[in-house]
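As structure tokens, here come the structures.
Shared between the two complexes below is chain A, which has chain B as its partner in the first and chain C in the second.
And now, the complex of A and B:
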């Protein structure tokens, strides 16, 4: 029983020397959660409690849309996953659920994947294939059924076949006592389009390794991130966008709002391969620190191996603007009200991009209640 | 309404206002003129409560109570409005949202009921006409992407909605072309009221060609050198400030 725990402890110890884990330390987590947490497990039962406010197609056992095929299979052993989060998930998730949306389908309702942690360790492992020329929205919700300490490990590998379009909303709203280790791998074929809105609101420690492979010409991705953290929360997104083919386009826009002693980490790495001419890439990280003890580590990175590219990156870190605060207060808005207005306005830039009304309202509400209580 | 006595103010240790005495009564329009750097804007900012200014001596009383003890929003609730020299752009906060929040906070303080969305929209549409502002402005972010003239018109529009007792107009005429100046001045004139006082801070005579002040003060080097009627402004325009500064 201690074997796997030792394996994980050794892996985590090795990570501590790894640049990608410089700002996020897992050793305390591994030590705190104890040996019984780090064991292979059956995938937690699919959640059958879709959020009632969504008119959505649940991707659990109840899914009966003919365009969707769904299979649960044993996770193949011995494969190699690059980021530690994916590796850990393979080690422990005994099953993988493989979902495919058939070619040329355009479901009106979004697909819904609820990944719930209920205390203990939960391992979710999915593959999702979007068939050629299909277009769909995926809502992925991470929440908590109970408030006891829990670890949620999630791995989702998405393949977009030629001409496929996916809008992906990934909302992490776990309880503060829950920890989240996520891995998201996107494989994009010719002329496919992937748009992500990743929102980090909950959890104690949360990490996402996001890898995008723009494998064939004309693929595009548009990544939007928002962290709203307070207390001692820690959230870390590591992005790698691999431009492996010509004429691909990538965008990443991340915003963080950090209060209390929270810590945000953003690392966005864009790699442009030698053959990937006419690459168009831009990323930006904007960060709002609300307290003196909040911390952000933001690092956009570029690795470019040809000359025919347009790449831009930038980062800003700031506090609420005193002039703006005074302007609002001089119009009769209270100091707290003015702060909330400005913070909300900053976050809205990402939230407004959520084109699914009930989900956008849910996120807006969650952000507001967090600002008012924290 | 407003009584300022021996007011001394410094910014980052440097003394800007060196003993200002000024009384403004309801219904009066005062113009404060003076060369650049004389402390004109400091005076209006201190009255409105802008952070960053230290009052080292003197007092400001508004309707008999100590204004300096109040936060900026409490001064707004008491009926003070500052039209900014440089209106701030606030991306993501739209005009009507700000105005509704401000107006309802004010009404609450006055013991009035909050306006519902319908009544509010009716009020602001009416007021927007005062400064010939397209109501489409309401759904745009505060001052974002506005031209200089639009920003100043927006300030007067906000004043019309918030209906202050004392309006401080800080260089409201600067950066306006002649048409915009006419519109802004027209708006100010329509808002003149026996129960409302206005203090216009300006460097030039030209706004005063449209809005005739009751009293003109000349501020230089942190002191009011002289006060007079509307004639004084015209004399300054002809002869400059030199004769006063000698």
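And now, the complex of A and C:
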């Protein structure tokens, strides 16, 4: 174990010089959990209790859908190319839960994966394989059991086999004393389709490394992100979309609403490999700053090694439009009401895409209560 | 456009490649403190400048070559470079163009920029740098009348030590980065421009740089100061003869604009880019920075980069004064095995500061280029505004175009927009033009010119002509 800890200490020390960690420092983890914050908690809480309002298939031991196979296995060793969040998880997550949805199945209910931290560092590691021509929705919830300081480290690797379709809702609603280091890796095969809605509402420090490999022709991904942060919250999403095959399409639309002293970081990197002709890629990062002390760092990157492409990206940073505020005020809406209305409208662009009604209502309410209390 | 056509493009020869044979007073290769003392003594510099250089050198020794750029750079042996070379005829420096070495004039003639013609044509004062020492300066009298100082920086150190001491290194400190530190230690020449309060410089100032001797890095240092409400437009253009080894060029340009002052700095860079196999060519590692020190100051950078094997260059603006404005317009073209990592930094500190970035990149052959920009809005920059547009055009399936725009905002009243697109030439546009009787090559020229128009429009007239010609030459055979 000592070796492992030395390895991690060295990795963490190296991060301070790493470009991908330019804007995100791990000092909150040290403050909350001590210098060796990565030390796994004694008991790993496996409290996968589904939230009652969802009619969903929980992906824990109680899952009884025949189309789904689930087994726990020891985490394989090796592999050093992954981002730090994935590497850290590999070192400490003793078990990997491997889930597979068989070919050609279309479960009506969404799959539900709840990941919790209950104090100390907890490591969750899953692989999910969506069989060929299957279509399914996955709801991934991160919340907190207890409120003492904790780290939730999560690694989820999803493989979409030919023609598979996955809609993935990833909702991070941890307690403010909980920190999050997430890694999400998507492998997409021929004509598969992946849609993500990643919502960052809770947690102190939250980081996600999201890697999409469009490995075979015709694969498509559609990524939507929303940060609603206040206080001293810090959220950071690092996206890498790797166009390795011809005729693939990617979209990314990220929106952030930052209040208080919160800090948002977005890094979206699109790589178009030689030979990945007819690539169609667009990404947009729109950011709304509500407070003097909030900060946004955004970087939509393009790395293109091919001429037959259509790639675009955009980024905007702004504030609420005075004229719009005035318009609403002149119609008798209170100052606060008008602000909330405009901010919600801005966030709706991402929230409206959530096609699971109870979940959308849950997110809407969380955003509203956050805006009203913030 | 087919690969074969791209091939033809790659095969175009560098049409400004030739070496002029003039005896040089050159220092043997190598760099240590004695070299710096030699340069300083040769330039008859005061003690403070010698000490300043040595301090920069000591700092440079502690620094590592930057490796963050998207570039493949062969290791540079700094001990294999000669740090000083000057034309022999220094003692009896020419008083007019007639006395200038005829071979030098011939060099300019080959480049299509004969000094006399320029004198008459545009009223441009040319401070021609032939290798490291300026050998011809024109229009000095006229500038003197207006109170403008425009001279080689070594002359300025001698004649206006107080001014130089006040501003030198105040925008780009000696330890700013690896190449700036090296430049601070060994810079041999460059220009000094001082526009006093309220003066509008009566003509556009221009310097044609030319690297000539084998194995001499050229370390230019340019300092432009515009006092309150002054105005100056400065043109810099360069081209170099064909030769085999890599030449290092690490220049530093500092601009200081006080209250209400305006500085326009335009560059056409066409140094030797290396041959079609990527052998040779200039390493262009330049630090350029402007400081809008006073309220309502305005600095604009315009660049057309078609040359050099490797370009590493980020002309930046520090917007400190309230309502100050920074602008960056750039066209960069990389072909063969050329690489460019270029962009800008706009640091907004003052209230209501505004900046505009327009960057157009064209990559062909095996060319690889990156736009790397930073827009930073400080806490106090209320109402700051930035608009960034960076587009890339790809010609050929082996080139690369990359975009790394950093946006850091810590003020809620700021408004920022960033847009970028990357694509190849639109087939529909091409078809439309050809359908109306244009050849494919002409059609592509037209489309490329249109693509660059936003930038060419803001170039000074003389440069706009040159830039258009450069693009056409560069694209010959590439397409069509």
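Convention: the second predicted complex is superposed on the first by the 350 of 374 C-alpha atoms of A that agree within 3 Å, B and C clash if a C-alpha of one lies under 4 Å from a C-alpha of the other, contacts with A are read in each partner's own complex, and residues count from 1 in each chain.
Just so it is clear, a contact is a pair of C-beta atoms (placed from the backbone, for glycine too) under 8 Å apart; a residue touches a chain by one contact, two chains touch by 3 or more.
Note that this is a predicted model, so its numbers are computed, not measured.
With both complexes placed on chain A, chain A has more residues touched by C than by the other of chain B and chain C. In the superposition on chain A, A:307 contacts chain C only, with no contact to chain B. In the superposition on chain A, contact of A:349 is made with chain B only, not with chain C.
When both complexes are overlaid on chain A, the residue A:287 reaches chain C alone and has no touch with chain B. In the superposition on chain A, contact is made by A:274 with chain C only, not with chain B.
In the superposition on chain A, A:334 contacts chain B only, with no contact to chain C.
Touch criterion met: A:296 reaches chain C, while chain B stays clear of it. Once the two complexes are overlaid on the shared chain, A:315 sits against chain C while remaining clear of chain B.
Looking at chain A, you'll find no residue that touches chain B in one structure and chain C in the other. Within the complex formed with chain A, the residues of chain C that make contact are 68, 70, 377, 379, 392, 394-424.
On chain B, the positions that touch chain A within their shared complex are 48-52, 71-73, 75-77, 81-82, 84, 87-88, 90-93, 97-99, 101-103, 105-106, 141-142, 158, 162.
Contacts from chain A toward chain C in the complex involve residues 19, 274, 277, 287, 289-319. Residues 321-324, 326-335, 337-338, 341-342, 344-346, 348-349 of chain A are the ones that touch chain B when the two sit in their complex.
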